[in-house]
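You will see two complexes here that share chain A, one where it goes with chain B and one where it goes with chain C.
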Partner chain A sequence: MRVLFKTDYNQDIKFAKHGGYVFWYALLLVAVFLAPVALDTYWVNELTRVLIYALAGLGLMVVTGFTGQVSLGHAAFMAIGAYTHAFLLTQGVPFVFSLPIAALTSGIVGLMIAIPASRMTGLYLTIASLAFAIVVEDLIIHWESVTGGNRGMAVDPPALFGYEIYAAWEYYYIVLVLLIISIALVLNILRSPLGRAMLAIRDSEISAQSLGIRLARTKVLAFFLSAIITGLAGGLFAHFIQFLSPETFGILLSIQLLLMIVVGGLGTVHGAIFGAFLIGLLEASISILKDWLPPAIGTQPGLEPGLFGLILVLFIIFEPEGVYGRWVKLRTFLESFPFYRRNTFKRQRSYLKTERMR
Partner chain B sequence: MAEFFQLLIIGLSQGCVYGLIAMGFVMIYKATEMVNFAQGDIMMVGTFVAFTFIVTWGFNFWLGLLAAMAVMAVFGFLVDAIVVRRIIGQPQFSVVILTISLGFIFRAVAGMIWGQAPLSLDTPFVGTSNMGGAVIGHDRLAIMGGTVVMVSLIYLFLRYSRWGIAMQAASQNQLAAFYVGIPVKLVYSGVWGLAAAISCVAGVLLAPITLIGPLNGFLGIKAFAAAVIGGFGSLPGALIGGLIIGIAEPFAAAYLPEVKNIIGYLIMFAVLMLRPEGLFATIYQKKV
Partner chain C sequence: MSFFEIENLSLSFGGVKAVDDASFSMDEGEVFTIVGPNGAGKSTIFNMISSFYAPSHGAIRFKGADITAARADEIARIGIARTFQNIELFEHSTVLQNLLIGREIHNRVPVLRQLIFDPGMRRAELAHRRKVEDVIDFLELAHYRDERIANLPYGVRKKIELGRALCVEPELLLLDEPASGLNPEETEDMGFWIDDIKNDLGISVLMIEHDMSLVNEVSDRVIALNNGRVIASGSAQEVQNHPDVVAAYLGGAA
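Up next, the complex of A and B:
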């Protein structure tokens, strides 16, 4: 068991709490950078997909995991990012400009949704985001001059300063670098006053407000940030799938993102990454399961969302901390080996928390 | 004028259905402060159950409807007693994620049992009447009549019956209700059962117009919009919100076809901008 001595105030906000962090994360970094060397194209492609999901999940994590506001419309931000990026590319805007513009567009739209909704309880944001996702899907279908409507829209391959990128490993590195930058950004925000305010709102709006945190402003900023990251993921996703159509970004994708962060571990950056990997595994196992099930059940279009729903229910009831929470428990058990107590992570029973004044 | 009247009737009847679903949803919210995102899917399951009774097993329509309501009441009761009750006291987002996932499970299971192809449920309300040049289907009139009956029954139940008053008490203050001897857990599950039965009626009334399919549950999203417009937590507000969305839809389809699918949400966003607490506000800031 490691005992940390505090010798400096800055120690509280350091990224790497002790040498173990430096060692293991450096090892992970080396592994992900060397991955395309060791793997063939198929696996590099799959890994790219997982990293894009992780980026989108990170976006949702900011608003749901850290600020406690559930968004059921994050697929719409991916859609906005993807379509804006693809449209700008057809207009001849270079990749390096069009991707940030797409992310920012998504962020500004997010701002427009969050401002009216954030004045009320978080519930309104949830319903507004759900309605917003439907409105965006409808808009994509009807705004044919830009989005191609139901016919869909082809996406040009990315080009960096005139050099066109076709190989899977080249695109993998672009996604990886952007993901690492986004993770650093989120971690940095988390240790800033804004990040602390977000966590405080998640844990108790009333105590946060009593401490002088401006609820509406913090929620709106969190939503803005979240929409930017998810929009960025959308832009990257556009190149990955190479062909955009409205049904790609339906409610199923929103649920998938939510599943990712809940199963991975709500409220941790690790959770978004873990969740993305688990979703990748889950998709693969569902397609295997489909062959194995009787066709009456296996070919159901509702099977996949139904299974996602089932997994979500089980995690919310039995392990709301997700896989990462489970890992933390295991680690604590090993670190404090003979002294681990079963009640260390016991969930507190509490009464219904009312949001109404009576 | 006749066209206006026709659109109005279509809108009113559609709005009644939204209003009924929204009322079930608001009832659960008022009593337990849980937002049931599966309400639309519970309605869908209720319609399928009624279909099984009436069409597959050949029950009389009214008997089948009553049987379906009873089954759905038990279903709603069990959903709360077995699943949802476990997360009371957990943060709001757990409830949201839990109920929306339940909705997806119901949809998948309903698809497996009853199939994806739309089914039709015959009701006794067939034929049309001519009123001042407008052709009004009897199924539409049945929806409006059914809603009036349901709303009056709910009002009488909540106002005068022992259980209704217990529900009101539990929704006002859980702890105080518990202290005066109200079985709060039972009342909560009862509210879920009641809400499920109401949605079942809404679904059956709507069945001749939309046909029955596992995706009907998405109608619930419009009911949320209705509840937000009405001011979340107000039963009359939910009904009026439903009527507003219902009436706006056929008029949008006739005069502004581009927005016909999303007009309800646009109204909701407008209400959130101008009067975020809804038309009939019931949520206040909590005092510490």
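Up next, the complex of A and C:
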């Protein structure tokens, strides 16, 4: 088991807490950068999808995992990012400008939603976000001059400074670099006062306020950042699917995003990434499974959402901390072998929380 | 002008008068204690000072300024920090992170720079950590620095909550039953710390407490509250022996 001797405050601040971090994350970086060399186009495409999901999940994690505001409307931010980006491209705006503008548009919509929403808590906020997603979906259907309505909208391939990108591996690198930058920014927030304020609000609004944290401002900022990141994922997703239609960004996608971060592990950056991989893997295996199953089951329209729901419920019951929580337990088991106690991670409530103010 | 005062403060919940025309004032550098039976309205007064409840009548003044209408998040900036009767820590964070949240009001770095985490931001962070480390030394919490709150026993949590309030660097500290749930030894320690907070850190303390040994040990002045009214004030001894206070606790013709 590793024991850290702390001699400098920077040790708590820097990302790599010890040499192990440097080694394993460097290895991971090499692996993801070399992946397109080793894999064929199909798998590079699948991997790109997973990375885009991870980016969208990272956005949702900011607001749901860190700030504790459960949103069922994040598909709408993806939609706003995707449609804005696609529309700007048709107007001749170059990719390098169009993508940030799309992300920012999504962020500003998030800001506008958050100002009233920051007055709501818990279930009410979730319902409001769901309503927002439905409104956005309707808007896309009816605003035909921009979105093409139900007929949908084709997306041009991305072009970087006049060079058009067609190959799967080229696009993979664009997504990968943007994901890494986003992760770094989110990690920066987490080690800053804003990130701590978000976690504080998640755990106890009342004491956060008594310490001088402005609830509304922090929640609005969380929504803003979250919508930017998810909008960015939306813009990237537009190129990936190459054809936008309203049902792509329906309620199922919102649930899928939420499922991702819960299954991955709420409240951690790892969780968003793990969750994306799991969901990506699940989608791939469901489509393989469909060929194997008897047609009566395999062609059922509700098969995918049904399975997603089942997995979500199972995780909430058996491993609320998600895949990442399971991983931490496994790692602790190995590190402290053979001294691991079964109750190491058992929560004990040694006292009652009575008279809590709401 | 007194350092801190409440004047004719009243609050009713429906037909229940939780606080009824209560007034008191405390001086700078004092440990001022409110005692009284359960339901006397002590915590309600604290919650009005913290602006969680708005009084239906009366005023709260701090250093001459009326803070009755201040928002809950402004109270800390004004210079008043508090602890809670039932411990409101951030359970999924470590002790260090909890204490750092106490530095919130001293943060001057704009969000964009927090995102980029430039060298200036890092310097600010280091300065906060140094301050927090002082509090960790003061309360002897070094042992628990990186533990998650969820894994810590009750007595330690009480100490951490006190520490978090100290990280705010307030002028006035509100302690809501600092000794509840502590064993006699821990209570004695708490007494020493309150003394140190007053004498070494120069922070005035307004405290609600039931444990009379602690009240006697640290209080400069005491008031007793019953049914939302102030029924006695003076030194700890005077209040304890006041016939109305005895009647309030034990019953009888008051």
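Simple rule for what comes next: the second predicted complex is superposed on the first by the 342 of 358 C-alpha atoms of A that agree within 3 Å, B and C clash if a C-alpha of one lies under 4 Å from a C-alpha of the other, contacts with A are read in each partner's own complex, and residues count from 1 in each chain.
Here, contacts are C-beta pairs under 8 Å (C-beta built on N, C-alpha and C of every residue); 3 or more make two chains touch, one makes a residue touch a chain.
For clarity, every value in this text was computed on a predicted model and none was experimentally measured.
Student: Which partner does A:39 reach: the first (chain B), the second (chain C), both, or neither?
Tutor: neither
Student: Given the touch rule stated above, what does A:262 touch, chain B (first), chain C (second), both, or neither?
Tutor: First partner only.
Student: So in the superposed three-chain picture, is A:199 touching just chain B, just chain C, both, or none of them (first/second/both/neither)?
Tutor: So A:199 only meets chain C here.
Student: Of the two partner chains, chain B (first) and chain C (second), which one does A:221 touch, if any: first, second, both, or neither?
Tutor: second
Student: Look at A:13 in the shared chain and tell me whether it touches chain B only, chain C only, both, or neither; answer first, second, both or neither.
Tutor: second
Student: In the overlay, answer first, second, both or neither for which of chain B and chain C A:191 touches.
Tutor: Touch status of A:191: second partner only.
Student: Please indicate which partner A:210 is in contact with in the superposed arrangement: first for chain B, second for chain C, both, or neither.
Tutor: So A:210 meets both chain B and chain C here.
Student: Per the definitions at the top, what is the overlap between the chain A residues touching chain B and those touching chain C?
Tutor: 202, 206, 210, 350-357
Student: Within their complex, state which residues of chain C touch chain A.
Tutor: Residue list for chain C touching chain A: 43, 47, 50, 52, 72-77, 81-82, 84-93, 96-97, 100-105, 107, 109, 111, 114-117, 121-122, 125-126, 129-130, 133, 150, 153-154, 164, 168, 181.
Student: Given the complex with chain C, which residues does chain A contribute to the contact?
Tutor: It is residues 9-10, 12-13, 185, 188-189, 191-197, 199-200, 202-204, 206-215, 221, 267, 347, 350-357 of chain A that touch chain C.
Student: Show which residues of chain B lie in contact with chain A when the two form their complex.
Tutor: Result: residues 32-33, 35, 83, 86-94, 96-98, 100-105, 107-112, 116, 172-175, 214, 221, 224-225, 228, 232-233, 258, 261-262, 265-266, 268-269, 272-273, 276-277, 282-288 of chain B touch chain A.
Student: Within the complex, which stretch of chain A touches chain B?
Tutor: 64, 68-70, 72, 116-117, 119-124, 126-128, 130-132, 134-135, 138-139, 142, 202, 206, 210, 255, 258, 262, 266, 296-297, 300-303, 305-310, 312-313, 316-317, 320, 349-358
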